[in-house]
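As written, the chains take the letters A, B, C and D, and residue 1 is the first residue of each chain.
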Amino acid sequence: MAFVNNPKYTGVIPPVVTPRSAAGQIDIPSLQRVVEHLIAGGVSGLFVLGSSGEVPYLSNAEREQVMRTIVSANAGRVPILAGASEQTTVRTIEEGAKLLALGADALVVTTPFYALSNAGEIEAHFRAIKAALQVDIFAYDVPVRTHHKLPLDVAIRLATDGVIVGVKDSSGDDVSFRQLLLAAGGIEGFSVFTGHEVVVDGALLGGAHGVVPGLGNVDPAGYRRLFDLAVAGNWAEAAAEQDRLAALFNIVYTPDSTRVSGGAAGLGAFKTALVELGVITSNTMSVPMEALNAQEAAAIRVILDETGLLTAVAS
Amino acid sequence: MAFVNNPKYTGVIPPVVTPRSAAGQIDIPSLQRVVEHLIAGGVSGLFVLGSSGEVPYLSNAEREQVMRTIVSANAGRVPILAGASEQTTVRTIEEGAKLLALGADALVVTTPFYALSNAGEIEAHFRAIKAALQVDIFAYDVPVRTHHKLPLDVAIRLATDGVIVGVKDSSGDDVSFRQLLLAAGGIEGFSVFTGHEVVVDGALLGGAHGVVPGLGNVDPAGYRRLFDLAVAGNWAEAAAEQDRLAALFNIVYTPDSTRVSGGAAGLGAFKTALVELGVITSNTMSVPMEALNAQEAAAIRVILDETGLLTAVAS
Amino acid sequence: MAFVNNPKYTGVIPPVVTPRSAAGQIDIPSLQRVVEHLIAGGVSGLFVLGSSGEVPYLSNAEREQVMRTIVSANAGRVPILAGASEQTTVRTIEEGAKLLALGADALVVTTPFYALSNAGEIEAHFRAIKAALQVDIFAYDVPVRTHHKLPLDVAIRLATDGVIVGVKDSSGDDVSFRQLLLAAGGIEGFSVFTGHEVVVDGALLGGAHGVVPGLGNVDPAGYRRLFDLAVAGNWAEAAAEQDRLAALFNIVYTPDSTRVSGGAAGLGAFKTALVELGVITSNTMSVPMEALNAQEAAAIRVILDETGLLTAVAS
Amino acid sequence: MAFVNNPKYTGVIPPVVTPRSAAGQIDIPSLQRVVEHLIAGGVSGLFVLGSSGEVPYLSNAEREQVMRTIVSANAGRVPILAGASEQTTVRTIEEGAKLLALGADALVVTTPFYALSNAGEIEAHFRAIKAALQVDIFAYDVPVRTHHKLPLDVAIRLATDGVIVGVKDSSGDDVSFRQLLLAAGGIEGFSVFTGHEVVVDGALLGGAHGVVPGLGNVDPAGYRRLFDLAVAGNWAEAAAEQDRLAALFNIVYTPDSTRVSGGAAGLGAFKTALVELGVITSNTMSVPMEALNAQEAAAIRVILDETGLLTAVAS
């Protein structure tokens, strides 16, 4: 597989988790270790202040602290994509300008949220942000959070006109994803990334250029292997690696759903796994999310073992 | 009707619109006239930076400008409730502290949004904000925007424990609203407000303490009459006044829905009506919302005429 | 309150429950007692084969058995409205013709379900059914089941053109309900009924002509009192009676929601209350719904006592 | 790729469309030609009375007519899977028994619809149907129609216990699909089919055993080629064939969405394409769906040409 359209971004760009100390502060040394863990795993970029980074839960000062830490730890080794997660256009521009000043190479922007928008407003939103900031923009399509699906025709127009340099699709709509790949996947320099951890092999087979996996915090090397196998056309091996990663993804189903929210389950599982792997020191969550408990951590440890990650640590 | 539970807040507390000049800036003189229009109409409070105030579309500087203008224009005549509209807990606390410093008497707080929460997190969210700020808090239940319904049992616990002083219900769930009234409507000092403009008579009949009507920007005196008739037990007249206001509410259905979003239709109609009534100078909307056009304004003028508001202006 | 538009249907028309013996068969004597209980309570019609009658769970033979039993027990005392609950148009016409042959006076028809419809198809659906059967048709707006809201403009056109004689609104959209009342509530002979048990006072204040209360199976006399108080303009007393009925409605919240489905909770509570009141012999549910257990029945008994229904039985 | 678990069903099993004459009757000769077209294309089974067969729109007599026609035309060449599409358990058993008597080899069963179910009821529903009919059952997971997602753990238990022989997944939830493949895809004799026409390559790469493509009515040979390429491990060619089929799938987006419903657009496009290909004589739809018009047919003809299907006809 060669990407004939010369996409600017390819490969594995995980949304970096935000470790907190047991006392609830941003844990800078742990965050620095996460960055090393990811770059050592072969990622091709870092997505800072994404949903997996608990961005809706961070104060403005914490957002800045996270950006500074990651930019400094990265030291220019891979591109920094930063999430400008605000409700609508002018707030996103304000937030985006801050993130660029802090060292972001590109911005990741959702549709408006909390607002009751339509397709026209969504398109105008992205165009206004691009016009104001003149920087690479990834459209982040995450209707489970924003409750607006990025319309396919809007995405294609934004791609064609160079307003966006890529799409990170977490829509869960695989049909629309394939249509986007067919219509825009070949635009010179454009990238289509999937955000769904367990269907990356199929996405790459369909022409996707990369993945933004929350689970990539736990096993960046696994996602890099999967990507490399796909690029090499070793699809059966890619699928086998994907199956292993899908088994690993089961860590997000270990928390007790009567206690832990959907948001806290996934992020909490990633953090808990990183504690088990020795990368971070605590699985403390942002207020008001609950951390996973010892029983849930034990269940995660079993899965890490079964999918070969504890061996990797020991060796 | 006497409110036997001595609610601290009653009556009509409209969410104040945010006028913009044709050039898109906050229109301070128009906003000052809106405040006079509302207070002259007999409102018992002002809800600043609500959805009808386009709060998700305002920059941080604009939010501050709006607060300062309204607080100054109001000059202590009625209480100021201010919307602390941020994604989750710590951001809401940050925003709320700013608003209190600017003169808010109480805060209006939604469930978390963009976040994937559950009932436990929603309850913890309100408790943490109350603990941090120690101010009157209204829970604003608006699932069409936050996509989390404030659970009835959570609302009752928060009311019972004094965490919230009231609920503004824009949930559209009339069954839950009545259950809330039955369970919490009698708590000493507590208030239940409806946010639905066209069912206020029934809400008051069921025991509600007031209304937060976006349409109250256009006809505050009408809502005050409706409230007074209900308090006096003149239910048939209250229903007739409600019917007139429901007919007036049809202004929100005049915009072309293939062009104007759901959010822009309602707010745009309120602003356009205020232009027609001579209160503000332009119906310009926040980016990326489209303003209503001349044809839509003409249709609104007809409705204003039919419901007696143009006569009121002329006299 | 006088209904100036001479509606053909007014008052309380409960959706009749379908009792089953412990062995799971339709319990004919219990069903006959339910009919007597309802007519003695002052209902103005019987809605047979509605959701509360478990119509989606009945075999074709059981549907016929239920119709025959109720028609025979009623013996012409009140009108019989029967639910023709099929997926789309021709199936509804087939089912409706059967019900008319069995003695229905009018049909209750939903929007299509399972199908992926639009407003045009919904309108054509009702028009085709009316053209084929030439009988009184109530549109039953229940998007929680059909997942299509009956569009307001469609309802108004169908009412204006005499295609439907009334609407039973279980949409939970109180704003749309008021708009329907304003636009169609005055059409000669037309009726707007609410299906929401706890907001009937407000609905009647707004001009509704009656109610189709599942809870009316348990306390038909209470709903009749509420209706009569409203018609007499005694709104404060109507609201007090509604409050008592809303407290009674809490029986539907007693079941353990981790075991009992949303559908089984409401219907199971009505049946369990009827067992406690001595009207029917078993609270057995249709397959695959679970019946309420002894603990849940005990909680229901407490509510029946608190709302005065056990006294009524004893006296 | 070898299916190591010896699934009973594999390959391409299209949901057969139901042609109608211009006058609206079932068009028997056209339906017979569809069967020949499909079998000539290499399908491994026929799914009769599925959503693509307009099953919710057919009268009972029409359902029987369609079954008899297809069973007779097929003459035992491939297995017949028939959709028992009724609201809940006993109605599904009744319908299923009829279909078995008419020659079905297996039944396709959805979760309950119109009913307000939970996971327990869904599981009991499938178990009761299997117990009553003792036949191969495919669970058809189509939440866009039933509004209940077949829960993953329920599906796994039903598969493990032999209650279902397969799943047809039209849920649009690709993550859940992969988890089902991982957990149940290897159960001896079990089959997982995707219902999504444009992501079959990825589904097969992930271990799926086949596809139920509505678009397979139009191009059965294309889907068979895609399946064979995947089985042979020629993934790049499989993806290219999938891309061609995804381009062909664009026929469903040609209808004017302000006139034609979502349901009618897809099925209407398949029928219109079959008219263009000379397989059926009319694209008439079941009441109340509108047929595509000449302009929409012309747009479809262009797509058929671009994707090589008109050439195939000519040659």
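Here is the rule we go by: a contact is a pair of C-beta atoms (placed from the backbone, for glycine too) under 8 Å apart; a residue touches a chain by one contact, two chains touch by 3 or more.
Since the model is a prediction, treat every value here as computed from it, not as a measurement.
**Student:** State the smallest step count from chain B to chain D, taking one step as a move to a touching chain.
**Tutor:** Minimum step count, chain B to chain D: 2.
**Student:** Using direct touches as single steps, what is the fewest number of steps from chain A over to chain C?
**Tutor:** The fewest steps needed to get from chain A to chain C is 2.
**Student:** So which chain is farthest from chain A, going by the mean of the CA atoms in each chain?
**Tutor:** C
**Student:** In whole angstrom, what separates the CA-based centres of chain B and chain C?
**Tutor:** A distance of 34 Å separates the two centres.
**Student:** Give me the residue numbers in chain B that touch at least two other chains, ranges are fine.
**Tutor:** none
**Student:** For this structure, give each pair of chains that are touching.
**Tutor:** A-B, A-D, B-C, C-D
**Student:** Which of the residues in chain D end up touching chain A in this complex?
**Tutor:** That would be residues 1, 172-175, 177-179, 182, 196-199, 201-203, 205-207, 233, 235-236, 238-239, 242-243, 246-247, 250 of chain D.
**Student:** Mind listing the chain C positions that touch chain D in their complex?
**Tutor:** Against chain D, chain C makes touches at 56-60, 62, 85, 87-91, 94, 112-118, 120-121, 124-125, 128, 144-147, 259-264, 286-290.
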